[in-house]
Each structure stands twice: as C-alpha cells, then as structure tokens.
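In the part that follows, the structures are each spelled out as structure tokens.
Next come two complexes, and both contain subunit A; in the first it sits with subunit B, in the second with subunit C.
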Partner chain A sequence: MRNLLPVLSVVAALLALWYAAVVPMNAQWAQDQARRAGQELSFAALVTDTMNQQRPRLPAPHQVAQELWNSTVVEEMTGRRGFMNTGTLSNRSLIYHGWVTLSATLLGFAIGSGLGIALAVGIVHNRAMDASVMPWAIASQTIPILAIAPMIIVVLNAVGITGLVPKAIISTYLSFFPVVVGMVKGLRAPDQMQLDLMKTYSASGRQVFAKLRWPSAMPYLFASLKVAIAAALVGAIVAELPTGAVAGLGARLLSGSYYGQTVQIWSALFAAAILAASMVALIGLIQRVTLRRMGMAT
Partner chain B sequence: MRDTASAPVISAKGLNLTFQTNDGPVHALKDVTLDIGRGEFVSFIGPSGCGKTTFLRVIADLEHPTSGTISVNGMSPEAARRARAYGYVFQAAGLYPWRTIAGNVKLPLEIMGYSKAEQDARVEKVLELVELSGFERKFPWQLSGGMQQRASIARALAFDADILLMDEPFGALDEIVRDRLNEQLLELWARTEKTIGFVTHSIPEAVYLSTKIVVMSPRPGRITDIIDSPLPRARPLDIRDSPEFIEIAHRVREGLRAGHLDD
Partner chain C sequence: MTFLRASGGVQWTGMILALLVAAVFGGASAQGQPGFPVLASLGGVAIASGLLWQFRRGMYAVSLCAVALVLAIAAYLLADGATRHPGYWATVIAVWLGAWMLVARFAELPRRNGAVGNMQALLAPVTFGATLLWLWEVIVRALEVPRVILPAPSAIWARIIRSTDVLWIDFVQTFVKGALSGFAIGVGAALVFALLVDRSDFLRRGLLPVGNFLAALPIIGTAPIMVMWFGFDWPSKAAVVVAMVFFPMLVNTVQGLAATEAMQRDLMRTYNASWAQALFKLRLPAAMPFIFNGLKISSTLALIGAIVAEFFGSPTRGMGFRISTEVGRLQLDMVWAEIAVAALAGSLFYGLIALAERWVTFWHPSQRGR
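Moving on to the complex of A and B:
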C-alpha cells in the first residue's frame, strides 16, 4: 500500500489539471448563450455553467463519471432494455458494448499470441525464417492500421465473413508483433554455456526447447503479452470505426462524434482504458503466480 | 576385444586447432599429444589463452580439431558425447533458476529418459555425495556460490558417465571454500573411481588434486611439461607443506615460466 500515495497524488494532479482546463474550453459557448439572453455572467456562474453543459467541448470529470455510472449500472438495473427488465444486456449500456469489443479483443489476442509464439519458434529454429520473417513482421507494423482495417473488413465481408472474426483479425494483426519480438528475444535468452550443457547431454532439439528455451522465455512472454493485449483492444476498437458497426466501444465513439455527444465519447474512452488496464493487470497477476511457482519471483 | 583396463580412456595425437577470427587465425592448440588412463585425475594448468579449456572442449566434442586425432573411450568425441560418456562442469554453476536443486540434478536424467523412481533414487544419492542432502527443494538463489557449484557437480555425476570434465569449477570461489571443495572432490574421486579432467590456473590446486599435471603455455597453445605426481592417493590438506608437494609445485612453476620465455 506504500505505492498508493504517489498514485493518488498523480491522479489528483491530473484531475485538477482537467478541471482547470474545462472552464476556458467551454467558456465560449457559455458566454455566447449569456450574450444572446442579454445577461452578464459572473465568474462563479461561468464556472458552474462550464462544468454542466449538455454538449461541452471538454466534459468535466464528474460528468464523465456520471455518464459511466448511468450507462452501466443504472442502465442495466433500471433501464427499459436493461438486464433486470429483459434478462439481456441493454444495447444502450457500456457493459454490452464493452463485451462486444472485449470478445473480439480476446479472440484476436489468442490468435495473435499463438501466431506470435509460433513465428518466434520458427525464427529461432529455422535459418530461412530467421532471415525472412522479421522484416515482413516489421513492415506489417509500419502500415497505419486505420488504412488497412477497412480493406480487411471489406475483403472479408465480400467472402461472407462478418461480425466477430474480421475485428479479431485486426486485433491479431496488432497483437502478434510484440509477442514475436519478445519471444525471439526470450527463446534466445539462454547463454552459450547453457546450450553447451544441453549438448553434453546430447539433448534433442525438442528437449532443448522444452527444458531450456521455453522456461527461459517466460519473463519475456508475459512482458510481451501485456503489450499485445492492449494492442489487441486498440485493434478491435479501430476495426469498429470504419464499418459503421452498431455495437462495441468503437461504435459508441463513432456515434458520439456524429451527434456531438462528447460526454458519451469520453465515457467510452474511459471504458476502453479501464478494460485495457484490467486485462493488463490480469496478465500481471498470472505472471506473478507463474514466475513465483517457477522460483523466479520478480 | 580391446583391453580396456590398460588402454587410455582419452588419447590425443598431434592435435591442432585454429580459430579463424577477425584479427586473423588464432592457434589455440598446437601439436597436442596426450594419453589419459582410466581412473586418472589429470589437471591442465597454464595462463589464459594456453588452450587448456579448448582441449577440454575438444574432448567434450564442443570444439572440433583442425587436424590430428582424438579418441574418447575408444570412440570419436562425437560418438562418446552421444553415448553420454562424460559429465561436464562449467566455470559457472549454471543452474536453472526455475528448477529446484533436485530439479537441476534431475535435468540430465530426464533428458536421458531414466524412470521416475530411478531419477529420485539417483538425485538422493548424488546430493548425499556432494553433501547437499536436505537442500533438494531449495532454489539455486537460496544457496551460496560454493553450494551451487557442488550442485552442478552432482548434476554431472547423476548419470553413469565414467569421465568427469571440469573447467575451472572453483575459479570464482574464495580460498577457504575452495580448499574444502578440493578435499571433497578427492573423496568423491576415490569413491566413484571416475577419470577426471580438471582445468585450473592455480598451482597448489593442480598439485594437490592430480595424479598427472599437464603444463601448458600460450601462443600457440601447447603442452610444455607432463608431470606424473608421486604423491599418494590419500591426501590430507597438510600434504601441501610436504617437501614432495613443494618440489612438484616448483616444477610446475618452472614449466610455466619456460613457456613464457619462448615468447
């Protein structure tokens, strides 16, 4: 709990900065409204107004928090289409949209990390793959995902693949890369002496992999999985943007920007951030448990 | 049928090894000829770059000679390695941090396909041999450097190789720990009757341990003297103050100096 104080201090500083920015960002609209009504705004009234606009340029933190609460707990508990009334998640709640994005993220992350590990194993064990795969993997990441995402979705749509899979593929596209890089490094972590030792036992390639390379790569694996799952979430959200998707956090961002619902955009952004943070934390937990059981407590 | 009792376990004839480096060829071994008999304790001593480690690695099939012949147990080094003829102890203990001490000793046994019961029995036996009983479930970082090195010796002893190759195994340890480990190593050698090849740069260590001392010198790496020790096999630590001991140590020092005069 010693870490709590610095974390809370930073959060408090950020909130203060945010509140301070809200007033000048939204002042114009408040002033215009007042002028039209022929009134003079006092400073106190100005501050109150900028904090509580319907469509502020920059919503205040409490507005975002309120919206997050309303569009999750309140919507599902009391909403007409909420979980308590219908038995299914409401399509107006962030829980529903978050789940839509999360399912694509997890599928893409699973495929992406599997692919990344497979490629790394190939690169480490096969000279031809060592020379050929990495440049392509790097090239793939230099293409802006925003440019290639619509192409992938259109092409897959044309062959009849829609829904979850195209989004998952874009997640895969972003998440395999950190895993390849991390695992190539990890599988090559054993030093020459450890490899020589295996040679003195005349161990097979498979045994060297299972007993030396794979366990050595564990810390690298978890580090790259943390990056990969965050990238997978970005991929899933980006995949929802260009297709006019009606569900998912990306869809919420898009509809928010169509209708100028800044509060909705910010709450969807925060939902995405919370989702990413909890997934990274979950991997961190698995990492701690695994490495501790391996005697490599960090 | 070969007479294995008298035939040398390791036999090298006219061995040469040249490394190609960016600074031109490096003559690591030049015309090395040496026979090692069964049950001998042979030390290789010399300054760094004299090829002592390289020669050990040639025996272990970790380096390949440029010319000359070498046989291990009457086979090529590669065949001997595949037959798991030797255990190798490196300069660093090199225990796997994710395995317990017992797990580390088990490693070669798992690779060589011993049964589970056999593995456990052997782990218990060799850990007792290096006086590490009771540390089975500890992880390497919980042990001192000397204990780690003992665990790595246990690992090399766990399977039935009758040759033990040791590359400066105690080089990183302090004098007191080193004395104790040298004593233990002699006891272990007496109990297991293995043939031991031992690389060191310490003259007292070489003289104290060996039945045969091979003095080497650098550029090019070559043998300058082979000394058969007249010391008895049972050696208390204070044998190091005896005149015989001092005389052999003197001859080793002379050999090392002669190697340098050639430069």
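Moving on to the complex of A and C:
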C-alpha cells in the first residue's frame, strides 16, 4: 500500500491532462458552430461546449464513464431489448459484446496455454525439439500474426468454420508463445544440486518432473499466464475487425470508426481495458492462493 | 532394441517400415507410384544412416550432410509427381521421418566454437523449417487444395517474384514510413521520459504500476482514434506504433535504471561523480540489458501496430491495406507474399536488435554463456 499515494497522483495527473487536452482538441468544432450562429464564444462557454459534444474528436472522461454506465447497466435494466425486459442480453450493451469477445479469449487462452505447456515439456525433455522447435517458436512471433488474422478468418469461413473458433485460433497463437518461453525457463529453474538430490533418491524422469520441475515452474507459469491472457484478448479483438463482425468489442470499435461515434470507440476501449485488467487480476489472485498453499508465497 | 534408444532411432525404424509399405504398393500397381530413383535413393538414405554410427566424428558430420543432400533430392523429385496413391503417402511419410531423424542427429552433434559452431546451430532449425515447407507443398499438391484456401509455397514464391514492385511500395509505406518512424519516436520519447521519471522516487513508484497496467492493455484499439486524428496516411500508423511501443519501453528502461547495486552507486559517489557521469558510466550501461529487452518487444509490436492500423483506413498502398483487399479478392497468394515480406522484415529487424544487443551488452551473463 506504500505505492497507493504515488499511483493515485499519477492517475489524477493523467486525468487532468486528458481534461486539459479535451478543450483544444474540440475547440475547432465549437467555434465553427458559434460562427455559423453568429455568436462569439466566451472561454467558459467554449470549455463547457467542448466537454459535452455529441461527436467530439476527444471525448471527456466523464462522457466515456457516462457511456460505459449507459451501455451496460442502464441498457440492461431499462432498455427495450435489455435483460430485464427480454431475459436475454441486449445486443446494444457492452456486456453482450464483452462476453462475445471474452468467450473467444478464454477458449483461445485455454488452448494456447495448454499447447504452450505441452511444447515446453517437450522442449525441456527432448534435445531435438529444443534445437529445432525453439528457434521457430521465436521466429513465429516476429511474424505479425495479427496481420494474418483476416486471412485465417476468411479461409476458415470458406471451409465452413465460423463464429468462435477462428477468433480463438488467433488468441491461441498469440498466447502460446509467452507460456512456452516462461515454462521452458521455469522447468529448467531447478539447479544442479536439486537434480542431483533427485538422482540420489533414484527418482524416475516422471517423478523428477512431478515433484521437482513442475512445482518449481509455478511462479514462471503464472507470470507468463498473465502476459498470455492479455495477448489473447488483443487477438480476439483484432480477429473481429476484418470480417466486419457484428458482435464483440472489436466490432464496436469498427462500427464506431465507420460512423464517427468517438464516445462509442472510447467506451469499447475502456471496456476492453477493464476486461484485461480484471482477468490479469484474477490470475494474480489464483497465483497468490496457489503459491501460498505450496509454501512459496513471498 | 538398443538402436531405438539412439537419437532418431524410432524415426529411422519408422522410415524403413514406411519404405517397405511403399515398395509393396509399388509391386501391386505401378500407376501413380513414385519412381524407382526416388525409392532407391530413399532406401540408400535409410541404409546409410543406419551405418553412420560406425564413422568417427568429422567423417560422421560430413556423411550426415551427404545423407541430407540425397534426401533433399528425393524429396524434390517426390514433390514433382504428386498423386493420391497410398504408396505415395507412404513415401512422403518416409521422407518426413527421415528428415525428423536428421534433425535429431543434427541436434546431437558436438558443438564446435566460432563460425562453424554458428553454422551447426542453424542446421537443425533449417532442416525442420524446410521439412515443414515441403510437407505444405506436397499436401497442397497431392490433395489439390483450391488456390483460394491455401496456395502452395511455390505459388507464393512465384507471386513474390512477379510483383516485387508492389511489395516494395507496400514495404516502404508500412514498414519504413509507419513502423520505423513510430518506433524511433516512441522509443526516443520513452527513453527521455524514463530519465525524467528516474530523478524522482515518488514518480517512479507511481508510474511503474500504471505503466505496467497500460502496457498490458489492448492499445491497438486506439488505431481508429489515431486514424481519425492524423488522417489516412502514415502519420496515423506511426502514432499507433508510438502508443504501443511507449509503455513497454518506459517500464523496461525505468527498471533498468534502478538495476544498479547500492555498492556501485556508492563507488560513484566516492569518485564525486556528477549525475550525468554516474548515468553514462554506470547506470545506462547497467540498464542496457533491460533496454534491449524493451527494444525487442517493441520491434514486433511496431510492425503489428502499423499493419493493423491500416485496417481502419489507409491510402491505396501498404501491407495492411493490401492484405485486407486481396483477401476480399481471394488472391491468397498475394496475401501470403505480403506475409512473407512482413515476416522477413520483422525477423531481420529483430535480428539486428539482437546483434546490437550482443555487441553492446557483451559483458552480461546471458551473452557470455555461448
């Protein structure tokens, strides 16, 4: 909690900076409107106008917060297609779009981290795999997979696979790499002394893995899972862009940019940020509980 | 069964079995069966690699390379006459297992020092990659996969040769103008900002958690906003790259600047070193491993940012623009050509940074180990 005050003041400074930037960014539009109406804008009127435009170039923080509130709670509670009226999530609410993106993210994350762990186990135990697969795993990440996303999705569409799976594939690709790297490091974390001890116990390869390598890889696993889930979310969002998907946070970004709905773009962006933050926090929580039960808590 | 435990032993056995299957099918029906030269050379490869263990070190490496060459020729001949015949698939499997065996043996070779060792380190991954490409080619040819679903590597290569001018224009637009300029601005700004942050402990404690949080966010989502602010041309792409690169770079640099030990800083104080002297002679060099880590992360992010930002609007050139329009026209060979260029550019960029890292941080344990 020692960092609370500095963090809060940095956040406050960022918000102040944002509010300060809103005025010059939106001043052009406000002044044009006033000139057309034949009025002179006082500075106070200019500031209030820039803070409350319909389609600002840069929406003010309170507008984004308002939109987030409206498109989640208000829409579901009172909206015509909201949850309270129809029993299903409204397709205009961010909860619905967030869930669409989140489900693809979670599926991709699960496959990706499973694949990453399996690859890491193979790499640690098999020298041929270490020499041949590892360089390609690294090279695969210099390929901008997000650039391939549209093609993967269109091709899978052509083969007849649509919906969740193509997005999850892209999330998988983005999330497997951090897990591979972290787990290879983690499974190799036991030092020679500990491995020698296992040898004096005459432990089999499987026992060494289960009782020494796997437990000592846990801190590395959680660190890389945090990176992986953030990457998986990015993958799912970008995967929604190219096909003109109708649902998901990426689709909200895209339609917002088509119709110039800046407030919608920003609220989708913040919804994504909140999702990412809460998933990382969730993994952090699991990490703390697990490590404490293993007696590794710091 | 001791030979199964030797490296590549299982694959070798599998290769022999697959060749036997191919030979049986060849006897039953000659139609659509790989020709005699292919089968004979593969048989030669199998027998030779079974005998190789007898040789001494230098001889062993040379003959392994000869075996690889024969295997490559057989693979080339095999890819030429692709059919759906079971005997053909058996032969393909034999080649695949043979290549796998070679990878295993290349990986086991005792490593030399210097340039020869560097070449040796490349052998296994190159063989592995070539095998993957070859399998892709053979499967696409034999199954006659439609061009609009997955083009063969050879078709992609032909496309690259045919349209180098377009590829070059796209490369300049996206990589040089968008990614590189954004990378330079973002990294430079992050470095300067990190030096400012470093002077105050309060700021550092406040900014590190916030920066770490922002670095994990899907910043790529700001692309539509940037396109709205900076127009369709490359400045908006550079702006997205700046936003993506800034926080990872900032966090890494601030961490790096804090990486010196109290003892080392005390030594600087006993020398009565000024802030600038301590910075340039101690803390900046000590921060270099962290800074290069940030640079490596940023280099891949930069290309991704520049390409994805083009999906939200761009002039009629650029890699992202080309990829999204050619997907719409089902010209997948062009898409793959762009991807190949992007992958090559990204790998070279990353490789250059890794080289510079080795040159600058030669003293670091992770660089001395090899």
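The rule is simple: the second predicted complex is superposed on the first by the 294 of 298 C-alpha atoms of A that agree within 3 Å, B and C clash if a C-alpha of one lies under 4 Å from a C-alpha of the other, contacts with A are read in each partner's own complex, and residues count from 1 in each chain.
Rule of thumb we're sticking to: contacts are C-beta pairs under 8 Å (C-beta built on N, C-alpha and C of every residue); 3 or more make two chains touch, one makes a residue touch a chain.
Keep in mind the model is a prediction, meaning the values are calculated, not measured.
After superposition on subunit A, the partners subunit B and subunit C are seen to fit next to each other with no clash.
Contact with neither subunit B nor subunit C is seen for A:G38 once the two complexes are overlaid on the shared chain.
Of the two partner chains placed by superposition, only subunit B is touched by A:A203; subunit C is not. Using the contact criterion defined above for the overlaid structures, shared-chain residue A:M218 touches subunit B, although it does not reach subunit C. In the superposed model, C is the one of subunit B and subunit C that contacts more residues of subunit A.
When the two structures are aligned on the shared chain, A:V11 is found in touch with subunit C, with no touch to subunit B.
In the superposed model, A:G160 makes contact with neither subunit B nor subunit C.
Closest contact between subunit B and subunit C, by C-alpha atoms in the overlaid model: 10 Å. Residues 2-3, 5-11, 14, 57, 127-128, 130-133, 135-136, 139, 141-148, 150-151, 154-155, 158-159, 226-227, 230, 233-234, 237-238, 241-242, 249-250, 253-254, 256-257, 260, 262, 265-266, 268-269, 272-273, 276-277, 280 of subunit A touch subunit C in their complex.
Those residues of subunit A that touch subunit B in the complex are listed here as 193-194, 196-203, 207, 211-212, 215, 218, 294-296. Against subunit A, in their complex, subunit B makes its touches with residues 60-62, 81-82, 84, 86-88, 90-92, 94, 96-100, 107-108, 110-112, 139, 141.
Listed in rising order, the residues of subunit C touching subunit A in the complex are 7-8, 100, 103-104, 106-108, 121, 124-125, 127-129, 148-150, 202-207, 209-210, 213, 216-218, 220-222, 224-225, 227-229, 299-300, 303-304, 307-308, 311-313, 319-320, 323-324, 327, 332, 335-336, 338-339, 342-343, 346-347, 349-350.
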